[in-house]
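Pasting in a structure now, in structure tokens, and then I'll have a few things to ask.
To keep things simple, chains are lettered A, B and C as they appear, and every chain counts its residues starting from 1.
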Amino acid sequence: MARLHIDQVSKIYTGTQRAVDAVSIDVDDGEFLVLVGPSGCGKSTLLRMIAGLEAITEGAITIGERVVNDLDPAARDIAMVFQNYALYPHMKVYDNMAYGLRNRGIARDEIDRRVREAATTLELGPLLERKPRELSGGQRQRVAMGRAIVRNPAAFLFDEPLSNLDAKLRSHMRVEIKHLQRSLGITSVYVTHDQLEAMTLADKLVVMNAGKVEQIGAPLDVYERPASTFVASFIGAPAMNLIPFSALGDDGRLGLRDATVATIGFRPQDIIEVANDNEDGDGLSLRFVVDAVEPVGSESYLHGKVGAERVVVRIDGRAPHREGDRIGIAVPSERLHAFDADGRRLEGWRTPDAVGDAGTAMRKTRAT
Amino acid sequence: MDKVRFGHSIVPYLFLLPQMAVVAVFFYLPAGEAVRSSFFLEDPFGFSSTFVGLDNYADVLSSTEYRRVAIFTVWFTVLVALFALAIALLLAVKADTVLRGAKTYRTLLMWVYAIAPPVAGLLGILLFDQHVGPFVDIASWFGWNLRIGVNYYDTAFAMIATAVWYQVAVNFIFFLSGLQSIPRAVREAALIDCRSGLRRFFTVTLPLLTPTAFFLLVINVTYALFDTFGLIDLMTKNEPGNNPVTLVYKVFLDGFRGNDLGGSSAQSVILMIVVFALTLVQFRFMERRVHYA
Amino acid sequence: MSNAVSAARPLAPVTRRPTFKWGPVFDHAILIAGSAFMLVPVYLAFMTSTHDAVTVHTGGVQALPGGSLVDNYATVMFDGLGFSGAVNGTTMMLNSLILGLGFAVGKIVLSMMAAYAIVYFRFPLAEFAFWAIFVTLLLPLEVRILPSYEIVQSMGLINTYTGLIVPLVASATGTFFFRQFFKSVPDELIEAARIDGAGPLKFFLDILLPLSRTMIAAIFIIMFVYGWNQYLWPTLITTNEDYFTLVRGIKQIIQVWVGSQIPEYGQAMALAVLAMLPPVIVVVVFQSWFIKGLTESDK
């Protein structure tokens, strides 16, 4: 058990290209940290630097009380679960799990005890004498987990461990990993490009882009208050609608206080359908043209345009709409997100008055 | 992508040492010596040698005997490669098509690979022998008085036939594996797109097989140039005299029998250049082949 | 609708006979002819080896078995051959075995070690070592035969197994093969091993060696056959008949053949059969490994 401290860590390959750029993250003891981002964002490189499989160009990584920059992977007291599992194909399941312990010179019966214990936890008991090629994908995944567990390390590192499984098995293993990590209480760092996996597994979520940290926070905080347009579009499916402020034709009802607002964002499920002529209401109201209807069963997605901007609207249950329909949509003001020209989140961008009384103010104007 | 590697340590040097030592002593030393002595003229008793520049090369290249051997080598190489490749391709395509007995045919057609070239040569001698050889009898039905060891062209014919027989096996193995690595989906797409089997072969199968064919062409040329040494040595019955020989055989003859060290070395170097060029072509091609995959 | 149709011609698809196709017959004819082309010379050699010299001399190459099988093979195996009569088939077979096994083992050990160093380590001389070894692919032994002979002679290795085997090992075919194979081993495996605390030697012995078992077997077969079948080098290096291999012995047969009135065809063919039998058996029995090794090494 240990804290993990990543301090201003960079990875520079040839030249000046920074694959990881001055990243600082703290992982508390027993915490489940998920690094998420598109491919090439540097999340895997960062994980491999923690593991000791890549050299650290700048900065320092501390596991527990030790700076591990110059330690061999085997000396860092970590265990890693690889994307392709990296099971030794010529060894039985038992030996796969025992190999790392044997190399540490741990006593035979202690190894046996730990392997059997892990096998029980992971329901691998009947498979111990098999070779990896005789196992299914899910079983291999479990052996890879078992190999990590028997080590009883200071930290678990996961490199997209579920990406080779089919969708059903993936959601099952997701639950299992989470449960296992909780019960063992081992500090974990998990890399994935799947935002759903990231949201469901993480205690603490780190969204990375182009080598930099975009946002660190609890999953729902990140979801509710994305720090940038990048995070806004990456976390949540379908993605948040982002519309240039200039395309909204602001009629003043947004009560803009901050002139630096460049983009307005709102999630598809925060949109409500309103009657065409209803221009009442607090917040944003827009005219939407339906291009396509996507029913997924419990809900439906309307893909279409507001002006020239693409927007997705979520509707409960079946949508009665058809291609070409024009409808009015509205978003409550507290559900709007604003970003500046650099894509950074803006807070307090509306006048206090507008925030509180926009609705009543407008209604009054109309009555006059 | 670069491999993940271990860092500095003495281990890689220790692992490399044995191979490097063997290569240095038994490859670089002799190869360098061949190049060096090709510029020297050694006196017949081996007491002294004089630097003669490119004289050895000039002598070799202007010799009519050398030219005759070179021309034979080219013909020999072309004919052996051509027939061995053509026959092997036909057999491989058929072995790939048939549903029944494919494995048996594969075994029957590839096992000759295991025979040593001089043993193949001995079989050749037996079958083309003037007194006992059945091929001589067969030839006489057509009015051909086949006399190997006596008639230059008859000997050449027997040599080429035996060399082709031997080389078909290895070509067959590679062609068959090349055919089997053509994805099933591609074959099925071709089956839907094109009715004529022959047309399918020339428009789909053969183009996909060109990498293998080209690789084999280089292999066959190298084989005809070098690996046939034992076969030729046997079939000339150790009496090269008026018999056709190839360039490699002449290097051996002039060096060991004729004691012409400088001339033999110059011939060696000329052959080295030929092999070098061949290999460059092969490497270039292999690079391109990577993009096919 | 579809019911009506099938009711009208209920048995139509069943009763239609498949048309006889000539294609497969033609294919098999070609393959049988090809197999015969490969088999007949060796068949005739074997049949001839079961006859005595006079029968062959008067009746030509024999297509049917004769009565001298035991005589001929016993003579070749146990009686002296060659000029001095000092060497027999048994000795030659033993020497062939030593050459084939020694060559295969030596080649695998050296080339596996070298390939491991080149693929798995970053060190200053790696690039140089790579090229130094791979240039040897360019020049076959035949073109540097004379100086090779002189060097081995000056080292006093004529008529020794060392002189016979070691110089043949000086080429990169095996190294090239293992390099390709090692490169195909997933990176994650070495990473997992490093996290499991395996150093370079442990990784080689515990992971890489067992993983390469099939490859080693395939290379072993190819190299054994290649070593067994060597001709030019043994011819030069072994002048003492005690070191003759079977393939080398073939040359001796021819020299006796040329000078004699009635050549011992039967015995000569018996020796040829003995010389080809072991490698043929190895190749046929371990066919799939052998083909895998051969065709994958070229990539």
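Quick note on the criterion: contacts are C-beta pairs under 8 Å (C-beta built on N, C-alpha and C of every residue); 3 or more make two chains touch, one makes a residue touch a chain.
Listed by chain with UniProt protein names: A = sn-glycerol-3-phosphate ABC transporter ATP-binding protein UgpC; B = sn-glycerol-3-phosphate transport system permease protein UgpA; C = sn-glycerol-3-phosphate transport system permease protein UgpE.
In this text, all values refer to a predicted model and were calculated from it rather than measured experimentally.
Think of each touching pair as a link: the shortest run of links from subunit A to subunit B has 2 of them.
Set against the C-alpha centre of subunit C, every other chain centre is closer than that of A. Of the two interfaces, B-C and A-C, the higher number of touching C-beta pairs belongs to B-C.
We define each chain's centre as the mean of its Cα atoms; on that basis subunit A and subunit B are separated by 60 Å.
Here the CA centre of subunit B is 16 Å from the CA centre of subunit C. A straight line joining the Cα centres of subunit A and subunit C is 57 Å long. Contacts with at least two other chains are made by residues 191 of subunit C. In subunit B, the residues that touch at least two other chains are 4.
Within subunit A, the positions touching two or more other chains are listed as 53. On the subunit A side of its complex with subunit C, the touching residues are 51-53, 72-74, 78-80, 82-91, 99-100, 103-104, 147. Contacts from subunit C toward subunit A in the complex involve residues 186, 188-189, 191-198, 202, 206-207, 210-211, 213. Put simply, subunit C touches subunit B in their complex at residues 23-24, 27-28, 30-31, 34-35, 37-39, 41-42, 44-45, 48, 56-57, 59-61, 109-111, 113-114, 116-123, 125-126, 129, 132-133, 136-140, 142-152, 166-167, 169-172, 175, 182-183, 187, 190-191, 199-201, 203, 225, 228-232, 235-236, 247, 250-251, 253-255, 257-258, 265, 268-269, 272, 275-276, 279-280, 282-284, 287, 291, 294-295, 298.
By the touch criterion given at the top, residues 1, 3-9, 11-13, 15-16, 18-20, 22-23, 25-31, 33-34, 37, 87, 90-91, 94-95, 97-99, 101, 105-119, 122-127, 129, 131-134, 137, 165, 168-170, 173-174, 177, 197, 215, 222, 226, 229-230, 233-234, 237-239, 248, 251-252, 255-256, 261, 264-265, 268, 271-272, 275-276, 279 of subunit B touch subunit C in their complex.
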